[in-house]
Each structure stands twice: as structure tokens, then as C-alpha cells.
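What follows are several structures.
Same chain, two partners: subunit A is paired with subunit B first, then with subunit C.
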Partner chain A sequence: MKPRVFAAFVAPSLLMMLIFIAAPLVSVFGQSFYVTQPVYEQVEVETCTPGFPTANCVTETKSQPVFDAEGRIETRTIFVGLDSYRNLLQLDRVGGYLASGDWGAILNVDFWAALRFTLMFTLITLPIVLVLGLTIALAVNNAVKAIRGPVIFMSLLPFIITPVIGALSIRWLFIGDGILTVALEQLLDRDIAMFAQGWTIELMMYFYRVWHVAPFAFVIFYAGLQTVNQDTLESAIVDGANRWQRLKFVVIPHLGPLITFVALIHLMDAYRVFEEIVGFSSQSHVISLQWLTYDFLQPDDAGNRAISRASASAMLTMIGIVILLIAPVRRAWREHKGVR
Partner chain B sequence: MATNTLRQPLSLRLASGTFLAVWCLLAIFPIAWIAVMSIKTPVDAFAGSFVAVLTGPATRAGGQGLSVLDLVLGGAVVIALTRWAFTGLPGIVRRATPAGWIALGWIVAALLYLALFGLVVLGVLPQLLDALDAVAGPLGVPVIGATFEHYYAVWVENAFWRNFVNSLIVTAGVVTVSLFVGTLAGYALARSPSNLAFWLLIAALIFRALPHSVLVAGYLPVFINSSDWLAPIFGEAAPTLYGKPYAVIAVLVAINQPFTIWMLRSFFQNIPTELDEAARVDGCTHFQAFRQVIMPVMWPGVITTGLFSFLLAYNDFLVTSLLLDAQNQTMVPAIASYFNRETTTTDQVEAIAAAVSITAPLFILVMVFQRQIVSGLTAGAVKG
Partner chain C sequence: MIRITALAAAGAVSLLGSAAHAECSFENDTPVSLLSAGFEAWKAVSDAMAECGNFQAELDQEFRTKQPAAFAANPSLYALGGVANGTITPLVNEGTIRPLDDLVAEHGQHLNENQLIRIDGQVMAIGMMVNTQHLMYRADIFEDLGLEVPETWDEVLEAAAAIREAGVVDYPLGATMQTGWNLGQDFVNMFYGFGGEFVDAQNMPTLNSEAGVNALQMMKAMTEFMDPEYLVSDSTYVQQQFQQGRIAMANLWGSRAGAMDNEAESDVVGLVESAAAPKATEDGPPATTIWWDGVVVAQNIPDETAEAAFRVAMEGLDQEMVENNNDAAVWLIPGYEPTRLAQGAIATLQAQPNARAYPSTTAMGLMHTALGNGVAAFLTGDKTAEQTLEDIEAEYLTAAREAGLVDG
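Now for the complex of A and B:
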């Protein structure tokens, strides 16, 4: 294919990605160094209260927003350098906590609390998803042909359900005296309020994410299991390998690339954890990095959006993605050069 | 693989069977349970025991319920209609549509079928069953509490259908545009081994990993002020992009592109290059070969990718909630207004009914397209 033909085919897609993905990235990077604020002017106001014999007059300087010709509040954009980042990271406060040995207090700063949850969420759900997905795939592969279709059908439901709705459906099982809370209370013989403290909400979030993603891992692994080399398996049996050894030395190495694939996709998606916060309304207990940016973008009571701080937190979120992707991209490049 | 050496001991088979049963129960329980809750009065929906929620005594006491006759007859009609959709309908579509128009034929058939289903199940059946219940004696007495008042409240009183229409517009736009743009790029990427193609794919991979809030942080100020900076081009009529469905369609298409081109590329790679070469030898340009030779055999891949585009657009919360205003809100962000204000239990059950309404199309989607969804999931992974 000639370069010109290639360019013509790729152009529409490339253009969309440049305008709507690359350009916003650059603009977010720029925005994070600027703050747009209403312009305030200092006005001397004399307020008088009736008094005797003379009125009590106080002259004070007040600052009030400037309005332009159309009656809108005039805004001004100023360069603030790294101020938005500083606001977000609050390094001096964090340094103080570190110095005083009060490590847990770092989590009082929103950004660090969000980072803590996002990383823990990603790292805790990853192994559970992989193991559960593989176990379901092995079990389905073991089952009689007739039930495989229905099992795959039922497994796909948690995967395709709208994430917010999925989180809500689990929340409704537990909220207040929800059916599962009552069941748990009877089981443990004590009062349980699942939404009163952070860690129980976090548990439900982990549960939701595993429930939501395990089907994806299952389908991929199940497809991989269909192509396991039967000859290798049989020679392993001849060599006296037991079931566990066959799984460990034949099946899992065969699934290796798929496990990497699922892990990579899961890391990318779990790092973006967001819908859980909305679905479980957990913002007063647990927040994630993407939710932090979302919250800055929401208009506050005065209708202002903290664009600058949102941009700064977006850029900081990006750093994690870059770190995550360095290794797979390098590997892909080596393979690409090898193929050619 | 019928060799005796591979036969498993009973205990292992039993364990794996039990595990599967538990997993299936776990997979469908939350979804099935909210479906049950949505047709009960609040007292029953949030009752403490499983039996009470399932049978709904308070709902039944209110005079709303299904009798044995309703369950048997109504169930039979619904099952028969569903079965017919998979057995009878395909044949009719194939016979009634001229060759080459099969896609259009299916769309028309699906719409007609939905209309028929709605007419029978929501229109004729309730009337008929009410009349029958009155004369059926003990068989006509309600045994299971069920009420559809929450659905009525959500769809009619709270005008949820507006959000449904908005969702329809956004998803239809996203699927059409991203398939159109994506097939072109996917084809070129599948046929070009150049370094440029490689770096494009890598860039797409990185773009796929970006949190969507990062991108929205870039759009928001630009979209809100767009009437200012578009004024030199459009003059007075310069639109404010914020709150416009077409702006959201463009954004979602772009966000969806990385995934779309990766998936379409792997489907195109499965089509042998000999096919292009034969067409080229016969004098086709690259575009003609693509249009007339490759696309006709690409339909499975296009349908699968379209499904995933649909899911992304339909399921999106973050982008639509930030870039659309209340008038143009789609279904998923609109539901946030229910659970945020859930002051009474009736509100909560209405929120549940709305949630079930959002899930129902997805359920149908899996039923119809299970094979394509599975093939789409594995396309990217197994073939590299």
C-alpha cells in the first residue's frame, strides 16, 4: 500500500483522534499552569449608619467583581506556574505529617487519599480477576457441552451491564436493611451498616469490580483453552504428570500471552476506577483519582468549575498511565521489529 | 478426547459443577434481584426476607398481583413470542428482503417485532387476562404480588422516554460514525506493515488507556466558550457546543476510535490479502477493492465492533454527564438524579425501575448477539 493511499484511509480516524484526544491533552497540560478568575477591583465604600449628633460613617475598601459591557463578570487568566499542583499535592502538609511520624494523616489530603484507593483497588482486584476468570474457564471447559452456552450467556450479563447500574444493583442489595445485609446480620448475629464506614464500602467496590470483569477474563481464557495442544497434554500424562502439574506446566504457559493481555487491560481500566464512586455514593469516604478530576469539573455552588485544578489532577493521573504502559510498549516494539 | 486417562474423578467433576452453579447464581443474582424489586411496592421491595420480596404480600394485599392463570398463560405467550423471534422470524426476513438489503431488512424486522411484542404483551394480554381472571375462580386470585406502577411513574410521569430518545440519538450517532471512520483506518492498518502504522497503533493503545476525565477537562472550557471562538467562522449563529448531542457524539467517537481500529484491524487481518490482490489485478483501485470485495465479507467483524461501540456509548456516564445539560441528558446520567434525591422508598423503587429499564436492552443484546460478543472479546486477544 502506497503511503498516500494509506494516509487517505487513515486520515478521518487520525483527524478525530488528533482533534479530540491529542489536542485536549495539550490544552489540559497548558491549562494546568493558568488560573482563570473573576477580576476584582478595590472600591472604597462609605457606609453610614444613622447616629446622633452625626451619622457614624465608616470608610472601607471592598473588593467586588468587575462587570463588562454585557453585564457578565469579567475574568482574567493568569499564569500561576505550579501553584495548582502545589494546591493538590500539599507537599508541605505531607512533609509535616511525615516528619511527625503521623503517616496515616497524609490521607487527609484528597489527592493522596484518591491515589491510595486507586492503587489498592487496581492491585487487589487484579489477581482475584485473573484467578476467578481462569477457574471459571477451566470449570466451563470441564462441563458438558449442553450447558456451556447458557453459562456463557449468564456470565456475560455482569460484563455488559452499565457500570453505574451494576454498582447500584449491588448497592441496593446492601443498602439500609437490604436483603444481603439482613442475611449477613443473621449469619454474624450483629448489627451491620454497610455504608457507615469506608472499608465496607471498599469491600463492596472490590466485589463489584471482580464481578464485572471476571467474565471478560473468563471468555478470553476459555477461548485460549480451546487451542491447548492435546499432544503435549497427553505426553505430559504419559510422563506421569498429575492434574495440577499439567495445569501448571502446560496449560498456564500456553495461556501466558492471554494472561498478560487481560492483566494489561484490567490495569488500564481499574486505574480509571470512577463509576463505583458514583454508584455507591462513596465520595465522603472513598474517592479515586478520576473522580477527583470529575469533581473539580463539576460546577460548584457559585457555578464555577475548577478547571485549573482539574487539569493538574488530570496530568498527575496521566503519570500513572505512562508508567504502566512503558513496559508493554517496549515489548511490542521489539516484537514489531522482529516480525519485519 | 475420550481417552480414559483423562477421565476425571467424580469429586473433581462435582466440585467444578458446584463452582459453576455458584458462579452463575452470583452473576445473575444482583440483576435478577433488582428486576424482582422493581415490580413490588416499596414495603415488599425492601423487606428483610427473600420469600417476602419474591411473593410480595403487601403488593398482593393492595390488589395488584399475578394469578396462576396470568403466570401460566402470560408466561406461555412471552416464551412463545421469544422463541418465534429466533426460529420463525429469520426465515421470514430472508424470504422478504431482496439480496443485498439484508441489513436493512433486519432493522425493519426488529422494529416491527418490537412493536408487535409491545402490542401483545403490554396492550392485549393484560386486558385479556383481566377478563379471564374475573371468571376463572380460584385460578384467577393473585398469588404473587406484582405492580408496574413504578415503570409507569418513571416512563410516563417523569418523562424518562426523553432520556431514552437522547440515548438513542447519541448511541446511533456514535455507532454509525465510528464504524465508518474505523473501517477505513482498520483496513489500512491491517494491510500496512510500515513503522508509521505501528506507531499509530501504539498511539491508539496509549489513547485507550487515558482516563476520560482527562479528556473532558480539555473539552469543557473550549465547549462552554465555543460561541466566542467559533464566531469568526459562523458569525452570530456560532453554537455553544456544551450540551449539544452532536458534540458528545464526536467526543465519544474519538474516545472509541483506538478500541475500534484495534478490533477492526484484527478482523481485517483474518481476511486473506489474496482477495485484495485479485481485485487489484482486475483493475480495482484500493478503495474499490475495499468497498466491493473486502467489505461484503467483513460484516461479522463490523457487527461485532458496532456492538462494542454501542456498549461504550450506551454505558457512558462520565462524558455525557459533564458535557450534556439537563434537557439533553441520556439515560445513565439521568438516573443519578433518582438515587441522589432518594428521600422516600418510593423514589428508590422508581430508581430501581429506571435501572432495570436501562438494563433490559442490554439483556436483549446479549441474547441476540452472544456469539458476536464472544468473538469480539477474543478477536483482539487470541490473534495478537
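Now for the complex of A and C:
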């Protein structure tokens, strides 16, 4: 392809990436070092609210923003350096816990609790998704031709459902006297409350994510299976390789780049786990990094948002993803060069 | 053809005849729009406003996220807004709603003093209803077991123990303790009940006190008698627990009372009664907060539009609307006849010393968020009461510094 043609094809998407990914990233990076806040003054305010039979009036000292000449709220922007990161990581507190040997207490700090869950969620679901996806792909590949279509369709269904809706439906199956909870209770003959403790909620989250993502792995692996070199397979059979040996020495090496690809995508997706937290309303037991950022950005009744801490949290999330991706990306790069 | 038109006209006239009393008193020719929450009372009010014509309502439960930005636009995207104690704060702070004294003098003579929400001496909102969390209980169960209606939380716990002993319901007690806003609100109620103050005049937190520890311990004691999944139970969930006969008592929102007698949903029609919110201490106020809902008018609109908007609002908050929708809320508007299920809310409002109105301050917004995220750690047993309160204070301080409320 001529360089000019190549440029013409690539330029639009590059431009989009610059505008919608690079620019916001730079802006968020910058914002994480600054704090913008209104200037407040203390005033005595009498407030009257309804009561029976007459209104209740109370006078109290309140902080009210100061207005500038144009009637807008006066704000000031302060360079705070790494303060927002410090507020998030609370390293001095963590250091204290480490020194006293009370390691579990580190999870009292939101960020570390979120990091713990996010990492565990990512690393536990990854192998399960890979193995399950491959198993379904092999099963479908070996199934009778006539039922292949319907089986593929059925196994793709979870992937089609909008993530939040999927999480909510699982929630409703289990919450309170949900159908599945009642079924489990009858099976095990004991009272079960799936939403009463953290580990059951976490279990449901892993289950949900695997159920939701395995079809994606399956589709990719199934496509890969169609291109396995039949001659190699047959010669392996002639050489006396059993089913397991054929899988290990022929099929899996052939699928290698695809496995890296699925792992890469899954790591990126799972590290940004968010729908599960909202869907299962698990905030009291389990939170994730992405949810933490969202929570900082969510305005409260008085309209406050913690933009600086949200920016810091977003940057830390991104750094986390980059670190996680180094290994698979290097592997993909080597495979890419190896093919050439 | 002519006959059909005549018939249609006759039909229209007869329709007008039957709906004559629900007509607007003036012809509105200025476009007016409203953004408010989406519950039953707002539906009734916005329907009544629509009778004046040229009116558009947006009832949206996400209104509190939208409102500050929509009202800050020039011209404002909405002329009217529906707010409550908490959600009026950003509008007042940013100066995006206008004082209504002149309009009240001109078009609002009939409003009673109770409806005029004054901030710093100026009328900033017109109240329409009050809402509060109060005790709802299964009268039949209390009668069968010979129990008195509890007046304090200690008595609630005793009654709960007796009900559990009798084993007539799954769980004696329900509560809106979903992590986040709901849980924060339950703590606010209990903390005020024990006479606590959240912040001092310099916005420094004063949470870590005897009242704070007491409030946490009382909430923990309550959870003994509750569905173990209480950290995911919001108002709707508690309402359904009541309707399905699975709980016997709850400190629940007055606006949820009507649902108990909804025959389509409820198995306990006529069995649920309400009483004043229980007190935390013998001689304290009811452990609850008073909320009001009302209408505000945008600052960034021409005066003529504001006047039209105010007149439309008055039409929505008139006596006819209340008479047609008496059960939808505890109205502040003349003509309201308290129903059986409104008794508890009214008893709460009349209690002495009186329960506080939920404070409309910036600091309270930050504190509420910190509470909503932090209180659960004590209930699940992860932290001690003191540690929990200390962490919530630290969380609040970080947020307050970032917001510029506290120096340093």
C-alpha cells in the first residue's frame, strides 16, 4: 500500500483517537494535580421550613459561596501536587498498618479494598474464561453438524445481553426470596441469604462475568479451530498421539496468538469491572477501582463532586491496566514477529 | 359531516362541563417547563399545571443530577423546578433560583405561611408537601400479641423480640439500610435522635461523639431483627416486605404509606397503621428528619416568563388538585384531609421537642456521602464504632478540603 493511501485510511481514526482518547487523558492527568473550589464565606442564615401547625425557623451559621461581579460563583484553582493521589492511597495509614503487622486493615482504605477486588476479579476470571471458552469451542467443533447452529446460537446469548441488564437479572434471581435462592434453600435444607455477606456476592460476580464473557472466548477459539492444519492432525494420529496429546501439541500451539488476544481483551475489560458493583449493589462489601472513580464523580444532594480525586483514581486505574497488559502485549509482539 | 361536527362539539362541551372545576383560572400563553422528581405527588401537581396550557413537565428521578446544570444555563432550560431540602442547596448556592416575595405578594396571597420556604428572610421555594420517615406497624400483630405501640427505639427492640418469639413474620423489623444514600439517611435520623451535631460553625466534623456511637449501636441492635440482606434494602424493598407480610415494623417514608392499602400489590390492606417516628431517648425528639418538597422558579429567565411560571405553579398547587389527589402525599396545601395512613407523619411533625428539618448545607451533602459509604463497615463488624466514626470524619475532611469548605 502506498504511504499516502495508508495515511488516508488511518488518519480519520487517528484523529478520533487524538480527540476522544488522548486529549481527555491529558486533561484528566492535568486535573489530578489541581483542585478547583468555590470561595466560601460564613454567614448567619435564618431558614424557615414547614412544621405543624406553624413553620419552624432556625438561625444557623452556614458556608455560602461568594459571587463575583457577574453573579457567578467565585472559584480558585490551586496546584496541590500529588495531594489527590495521597488522599486516595493514604500511604501513611497503610504504612502504619504494615508496621503493626495488621495487614488485613489495609483494606479499610477504599482504594486498596477496590484494588484487592479488581485484581482478584481479573485474575480469577481470566483462566476460567479461557478454559471454559476453549471447552465449549472443542465441544461444538466435535458436535454433530446438525445441532451445531443452535448450540452456537445458544452459547452466544449471554454475550448479547447488555451487561447491566444481565447483572440485574442475576440479582433478581437471588435477592431475598428469589427463585434460585428458594431452590437452593430447598436443595440444601437451610436458610440462605446471598446478599448478606461479601463472599457470596463476590462469588455471584465471578459467576456472572464468566457466564457473560465465555461466549466471546468461545467464538474466537471456534473460528481458530476451523483453521487447524488437518494434515498435521492426521500425521499426529499416525504417530500414535492420543486426543490429549493432539490438543496439547497441535491445537493449543495453533491457537496461541488467539489465546493471547482473548487474554488481552479480557484483562482490559475485567480490570474496568463496574456493572457488577452497580447491578449487585455490593458497595458495602465489595468495590472496584472503576466504581470508586464513578462514586467521586457522582454529585451529592448539595452538588459536590470530587473531580480531583476522581482524576487521580482514573489515572491510577489506567496505570494498573498498563502494568497488567505488559506481559501479554510483549507476548503478542513476539508472536507477531515470529510469524513474519 | 355537519352533524358529526355538531356531535363532536356537543361531546366536547359535555366533557368540559364535567371537568369544569379542574380548569385553569387563566389562559397561559408563555411556554413554561418543569423539571422535578417522578413520584406520585409530582405527577398530580404537574397534571394540574398542564391544565393551563403551554406547559411541559419532565418528571425524572435523576433530576438532582440534571437540575444544577440546567438552571445554570442562560436562559435556564426550565422555568420551574421541583426540589426538596437537600436538592435546593446547589440552586441556592449558585444563585440560579429567584426570590419569590414579589410574586407571592401578587399571585400567592392564598398561600399559608407554612408553605413559604424562607432562606435568609427571602421566600425561595413554595412548599407543597412534607415527607418524613416514621413508624409503620402491623396493627393486627400488635393486637394479637397484646403489644403497645412503641414510642422509643428501645421499645421497638422489645416489641421486635416479642414478635420474633411469636414467629408470626419472617423478620420483625425492616429498615431502609441500602448502602449509600439510604444508609446515610438512617444514620442521620438516629444521630439527630441522640442529639448529635454533624459539623461545627467552621465545618469541622463533630461526628465522633457519644451520640455517634449510640446511633451506630442502636442501628446494629436493629439489624438483629432484620432480613440479613439489609444492606441492599431500599425503600421499595421495605415497602414490598410490608406488602408481602414479611415484616411487622419499619421506620419508613410517609410517601410509601399509601402503597400498604393498594389492593393490587398488598396482602395487608387495612392492617398497617402508622405512628410517630420512635425517639432515641425518652425525652428527645423523634429520631427522624423532616423533608419538604416544593417548587422553585429559575433566575435566568425573563420576568414575564417567571410570572407566568409562578401562576402556572399556583394552579398546580391549588385546592382542587389536593381534593383530587388527597392520598398522594401529606400536603401543606389548604383542603388536605389527613387520611388514616397519614396519622404517623402528622404525629411526627407535631412531636415536642420537634424533629429537625434535614439541613440544606453543602457540608451536609459531603457528610451524607461519607456516611453512606462508611457506616456499613460497623454493621458488618469490620470496624469498631470509634474506628468507623473516625474514618468517616477523615473521609469527610478530605472531601471538605477538596471542596474548599475547610482550610488546610
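For this structure, a couple of remarks:
Simple rule for what comes next: the second predicted complex is superposed on the first by the 283 of 340 C-alpha atoms of A that agree within 3 Å, B and C clash if a C-alpha of one lies under 4 Å from a C-alpha of the other, contacts with A are read in each partner's own complex, and residues count from 1 in each chain.
The rule is short, and it goes like this: a contact is a pair of C-beta atoms (placed from the backbone, for glycine too) under 8 Å apart; a residue touches a chain by one contact, two chains touch by 3 or more.
This one's a predicted model, so the numbers in the text were calculated from it and none came from an experiment.
Shared-chain residue A:Q31: touches subunit B; no touch with subunit C. In the superposition on chain A, contact of A:L184 is made with neither subunit B nor subunit C.
Subunit A has more of its residues touched by B than by the other of subunit B and subunit C.
Touch criterion met: A:S281 reaches subunit B and subunit C at once. Of the two partner chains placed by superposition, subunit B and subunit C are both touched by A:G176.
Within the superposed three-chain model, A:A241 lies out of touch with both subunit B and subunit C [touch as defined at top]. In the superposed model, A:A263 lies in contact with neither subunit B nor subunit C.
In the superposition on chain A, no contact is made by A:L119 with either subunit B or subunit C. Contacts of A:I161 after superposition on the shared chain: subunit B is touched, whereas subunit C is not. 176, 281, 298 are the residues of subunit A that lie in the contact sets of both subunit B and subunit C, per the superposition on chain A.
Chain contact summary for the complex, subunit B toward subunit A: residues 1, 3, 5-6, 8, 12-13, 16-17, 19-20, 23-24, 26-28, 30-31, 33-34, 37, 46-50, 53, 180-182, 184-185, 187-189, 191-194, 196-198, 200, 202-222, 250-251, 253-255, 257-258, 261, 286-287, 290, 311, 314-315, 317-318, 322, 332, 335-336, 339-340, 348, 351-352, 355, 358-359, 362-363, 365-367, 370, 373-374, 377-378, 380-382. On the subunit C side of its complex with subunit A, the touching residues are 64-65, 68, 85-87, 89-90, 93-95, 113-121, 127, 130, 178-180, 183, 201-203, 227-229, 231-232, 237, 290, 292, 332, 346, 349-350, 354, 357, 359-366, 368-369, 373, 376-377, 379-380, 382-383, 387, 391, 398-399, 402-405. Per the touch definition, subunit A reaches subunit C in the complex via residues 35, 37-40, 42-43, 45-58, 60-65, 67, 71, 73, 76, 84, 87, 108, 110, 175-176, 193-198, 280-281, 283-285, 295, 298-304, 306, 308-309. Looking at the complex, you find that subunit A touches subunit B at residues 1, 3, 5-6, 8-10, 12-14, 16-17, 19-25, 27-28, 31, 36, 135-136, 138-140, 142-143, 147, 149, 151-158, 160-166, 168-170, 172-173, 176-179, 182, 211, 215-216, 219-220, 223-224, 227, 230, 233-234, 237, 243, 258, 261-262, 268, 271-272, 274-275, 278, 281, 289-291, 293-294, 296-298, 305, 307, 310-311, 314-315, 317-318, 321, 324-325, 328-329, 332-333, 336, 339-340.
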